[in-house]
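To keep things simple, chains are lettered A, B, C and D as they appear, and every chain counts its residues starting from 1.
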Amino acid sequence: MPRIGVFVCQCGNNIAATVDTKKVAEEMAKIPGVVYTCDYKFMCSSPGQETLKQAIKENNLDGIIVSACSPHMHEKTFRKASEAAGLNPYQCEITNIREQCSWVHHDKTKATGTVKSVDLTRMTIQRLKKNQPLKKIKIPVKKKALVIGGGIAGIQAALDIAEGGREVILVEKEPSIGGNMARLSETFPTMDCSQCILTPKMVEAELNENITLYTYSEVEKVDGYIGNFTVTVRRKSKYVDEERCTGCGECMEKCPFKVESAFELGLSKRKVIYTPFPQAVPNIPVIDAPNCPKIQKDKCGACAIVCGPKCIDFKMEDRLETVEVGAIVVATGYQLMPNERFGEYGYGRIKDVISGLQFERLASSSGPTGGEIRRPSDGKVPESVVFIQCVGSRDEKKGVSYCSKICCMYTAKHTKLYSHKVHGGQSYVFYMDIRSGGKRYEEFVRGAIEHDGAMYLRGRVSRVYEKNGKIIVQGADTLSGSQVEIEADMVVLATAIVSREGADGLAQRLGIGYDKHRFYNEYHPKLKPVETVTAGIYLAGSCMGPMDIPDSVAQGSAAASKVLALFSADEMAREPITALVNKVTCNACWDCLTACPYTAIEREAIKDRKGNIVRWVARVNDGVCQGCGVCVAACRSKSIDLKGYTDEQVFAAINAF
Amino acid sequence: MSAHLDKDETPVASGSFEPKIMAFVCNWCTYAGADLAGTSRMEYRPNVRIIKLPCTGRIDPLFILKAFENGADGVLVSGCHPGDCHYTTGNYHARRRWIGFKSLMEFAGIDMRRLHFSWVSASEAIKWVDLINKVTDEVKALGPFMEYRGLKETELE
Amino acid sequence: MKISYYPGCTLNTVAKQFDSSARDSALAMGFEMAELRQWNCCGATFPLAPDNLMGLSAPAKVLSGARKEGDTLTTLCSVCYNVLKRTNKVMRDSRDKRGVVNGFIEEEYDGSLDVLHYLEVLRDRIGFDKVKEAVKRPLKGIKAGAYYGCMLLRPFEDMGIDNAERPTIFEDLLKALGAEPVEFPNRIECCGAHLAMNNDEVVTRLSGAVIDSATGMGAELMVTSCPLCQYNLEKSRGAAAGDEVPVIYFTQALGLALGQDLETLGFEKNATDVMPLLKKKGIV
Amino acid sequence: MKITLSNADVQSKGVARVERLSGEDLKKCYQCGNCSAGCPVSYAMEIPPTRVMRMLQLGKLDEVKAANSMWLCVGCLQCYSRCPKGCSVAAVLEAMRQDALREGADRVEVKDLPMPLLKKAPQQAIVCGFRKFVS
């Protein structure tokens, strides 16, 4: 027979005004198994808690009920007190007779409140009888982090974690870290040179002894859970020994073959053995294998001949490396929507119709024109440039429905750069709305119009075509209500920002959610902006949606602080409200596995003594399970239960109704 | 086991039938919404008894049948709004299961007006109050639900 | 091969040369255009307001009749093509509208017909490479501007004949015929269409802009796929920078290249004279 | 220009009718101007396409009906083809034209049409013109 104690709280007059707490206690004493009851003015006060502790000890109670306020208020308080008195904290249950009873039923005769309190407490008592003592789950934490993506968000996250004294592996797909920010010329609203503020950070990341750079590498597989991830990284063959290479650049000089530079977005060519840009970190070239005649046809090999330290190896192969980490920060960034989709703008056919990112390269002092604005077709300095905003953004028919957020600002910046570099040149901007919410952003846009003379036209462009060597832009100015035709020398499209190609695949490998645009989902859009539903995996930057540099950096730091908090203790304690599989009855239908929102359910092989697999069953990973119980209701063979909310407990409460 | 305080009194005989409503709610949205109704000192019909679960996705259809067996005249299920689930998708599972379960309940002869499914967020105290009043009044109008109560007694015997 | 053919009103009257050159070219390419036994006017405009089902009954009647004669229907006139193809899609995709329209015309048509423009037949059923092989009199040295107009291409999701902004089907055919297609900006802009009835100013301006745009890119010949475009362009030619550019139907160009008699091609019925150009280029 | 706005304008029944007839949701239009930019006859319209949509959003149906815009639209669908919201101004104008024609407001008198036109123009122009201009 259980030994249960019931403590009914008067909460001053909050409960006692409409509930006869004494009567409730008396009624409860009649229930078999209840050996102690009392009512008290303030159970949560220190003397109240002392009463509770004493009663547990003196009466040797193995379970207690506190009928008081909402469990959201004081469940922790009373469980802690129970624990102090030597009782398993999960043998303490709360009945909510304040928010659910005395405060919402104003019957001064106390009849209504008393009946309901008796019912509710009775239900909790019967539930308590089925409780099992539970233990907090302790999970060991590996204090090493993995950051995926070496753009500004990833670099920031890695630097902050490293400065917090923890090791970080920074994985970057390209041969150099830097991301899209490395392509930018100046940055709004301060007009700092992007390279000038980014390069020191890149170098810092390379030199920080807590950071290991895995460039030219991709995450292939992720196993495990918070504190204990095992990640397989493909380290693509660079054909250059990173350890020995001194970065002298002799090989690139001597390489006789050139292809279009992806970093320069097709605006210039690079060698087949290359670093994407001069300030690359690490400053180690890679060989572009598909274009290398030596690798493809065993011809040439000039680079190997001139290489002093002899670090070129044409036979080098990809390596798979496994790393063990406790947390992962995903910062994979964005790309631009393919402009070719908008045939009316002539991108790809008219050479001088370019994307905003290409304009950044033209304006960048390290770009293909050395920072002079010259058109790609003939190198002429354009006398008039038309900027078209919202190409693909806010276009639910051919593009994406959302606003790409940064284009208003960078277009204003482009007009400024253009007016500073080309005196007498005229820029025109077709816009729908100017979205310049941000510190000093509105002033920046007004500056472009008022000081730098950009002509802003409110309207969209219908069509762009070539005529007699000019580009004709056919648009509308809705403010004057007229059609507008402009003869331009160059057209710049502010193309929509979209998620990275393959973002969905990575999300599936990581077990994190993404929206229909393949942007990653934060756990909560307001209160948990850098967490994901998978514990231990955090987000930063524009892999979540279009974002500018200040926001990306802030998020990188935010994700890093989450990682450092996780790493602050050797073990992580979690509520033991998790699901549990009955391996005997589980028939491996995997309904639980498909239902689980957290990928907490794994397949476990049951083996005989010889090690042959006899059958499969589901297993719940306590490190991942969040205790929602969806799997329990999904299980047809009733083989899963949820600790703390077992079928037995719930049915006992219903039966006591 | 649960014979306490006028429990065995036949409700109809007393002349003023007061229905018993069982509510299964999720911990994060509706339970918190009901708490807010309390802290705001709103008033609603006293006929409802709440059972808290982590998520509506945890609700086994059997819970509802059991509630009817144990004398509930009406049952209410309420959780987070679609898209707001604390567990991301738990309430979608609940909704899907609910759709299938509804036809089974109809087949089993339960008047669907005795069963309510709703979304109440943590800030919707007023919605919670209105919901309880509405459900109570509707079930009251339908009269007591006796069919499943016999089932339980025979089972116990 | 036999393909059902819907000529439409204009091809039996003022655009006879469009019809005859197409039929002869078809035979030369190995298929016969079998004119529907019975047909009526398509209405010459697809009702843009979706509640206007009455406007669908005439084209639906044509389609229903054609279905009884085969599974493919081809047209020459872009407008007929537009109306029939879109009506066919409605009859196939919308169960409600199908019911109402079938009620009007007392038929049971389900939209199962393949409606193809003659250009599509050449491209998809015959193949432009086959056309190229059959050319006997290549249109060498002629810079030709292919004028699409609106109805052949838009709306893209209904017509689907080619990319609505960057079509190539017309140019591909001209290339196969040995001509040099000139891609000009206004090739997908409107000619003024039915405003020919009451608004010469607009038609002259729009069609003039089309010709200007083509000749500006060096076109010596305009090629059309619609009698109304043909009419508007020919009529407005004088307004355009004093140009003497002739306008012909694409089937006339096709027939010419396939080596047909000049009489069948009916160049004399055109309002503009193509002969000087052909002579200059040494083609005839 | 000054307009007075009332609830009756903003919730105009006439405009709701145009929406029903055209199947277009006028609220979707966010005035980007692409229709006006690409419309071949916009230059001659008293109220260009973008502004047609705006005036209707404001409930000013009569003003739009009084203008020549709906009679000039050739239905080339360039507006629809490039509208980022998938709206067809052509359908809206056609719905209004239909409405006017149903009330008997013919745009052309058949007897006034010049003989050379009737003789030379393709039948399709005349059929189409009748359907667009005559009740």
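The rule is short, and it goes like this: a contact is a pair of C-beta atoms (placed from the backbone, for glycine too) under 8 Å apart; a residue touches a chain by one contact, two chains touch by 3 or more.
The model shown is predicted, which means the values in this text are computed figures rather than measured ones.
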A-B against A-C, pair bridged by the larger set of C-beta contacts:
A-B
Cα centroid separation, chain B vs chain D, in Å, comes to 55
Whole-Å distance, C-alpha centre of chain A to that of chain B, is 37
Centroid spacing, where centroids are CA-atom means, of chain A and chain C in whole angstrom:
54
Would you mind pulling out the distance in Å between where the CA atoms of chain C average out and where those of chain D do?
26
Please output the residue numbers of chain A that touch at least 2 other chains, ranges allowed.
344, 463
Per-residue multi-chain contacts in chain C, two or more chains
164
Counting only residues that touch at least two other chains, what does the list for chain D look like?
78
Can you name every pair of chains that touch?
A-B, A-C, A-D, C-D
Across the complex, what residues on chain D touch chain A?
30-39, 42-43, 48, 50-51, 78, 82-86
Enumerate the contact residues on chain C facing chain D in the complex.
8-10, 13-15, 41, 43-45, 47-52, 55, 77, 79-80, 150, 154-156, 164, 189-190, 192-199, 201-202, 206, 227-228, 230-231
Okay, in this complex, where on chain A does chain C touch?
342-344, 349, 463, 465-468, 472
Parts of chain B lying in touch with chain A, wherever the complex brings them together
1-2, 4-6, 20, 22, 31-32, 34-35, 37-39, 41-44, 46, 49-55, 57-61, 63, 66-67, 70-72, 86-90, 93-94, 97, 129
Any idea which chain D residues touch chain C in the complex?
20-23, 40-41, 44, 72, 74-78, 80-81, 88, 90-91, 94-95, 98, 107-108, 113, 117, 120-129, 131-133
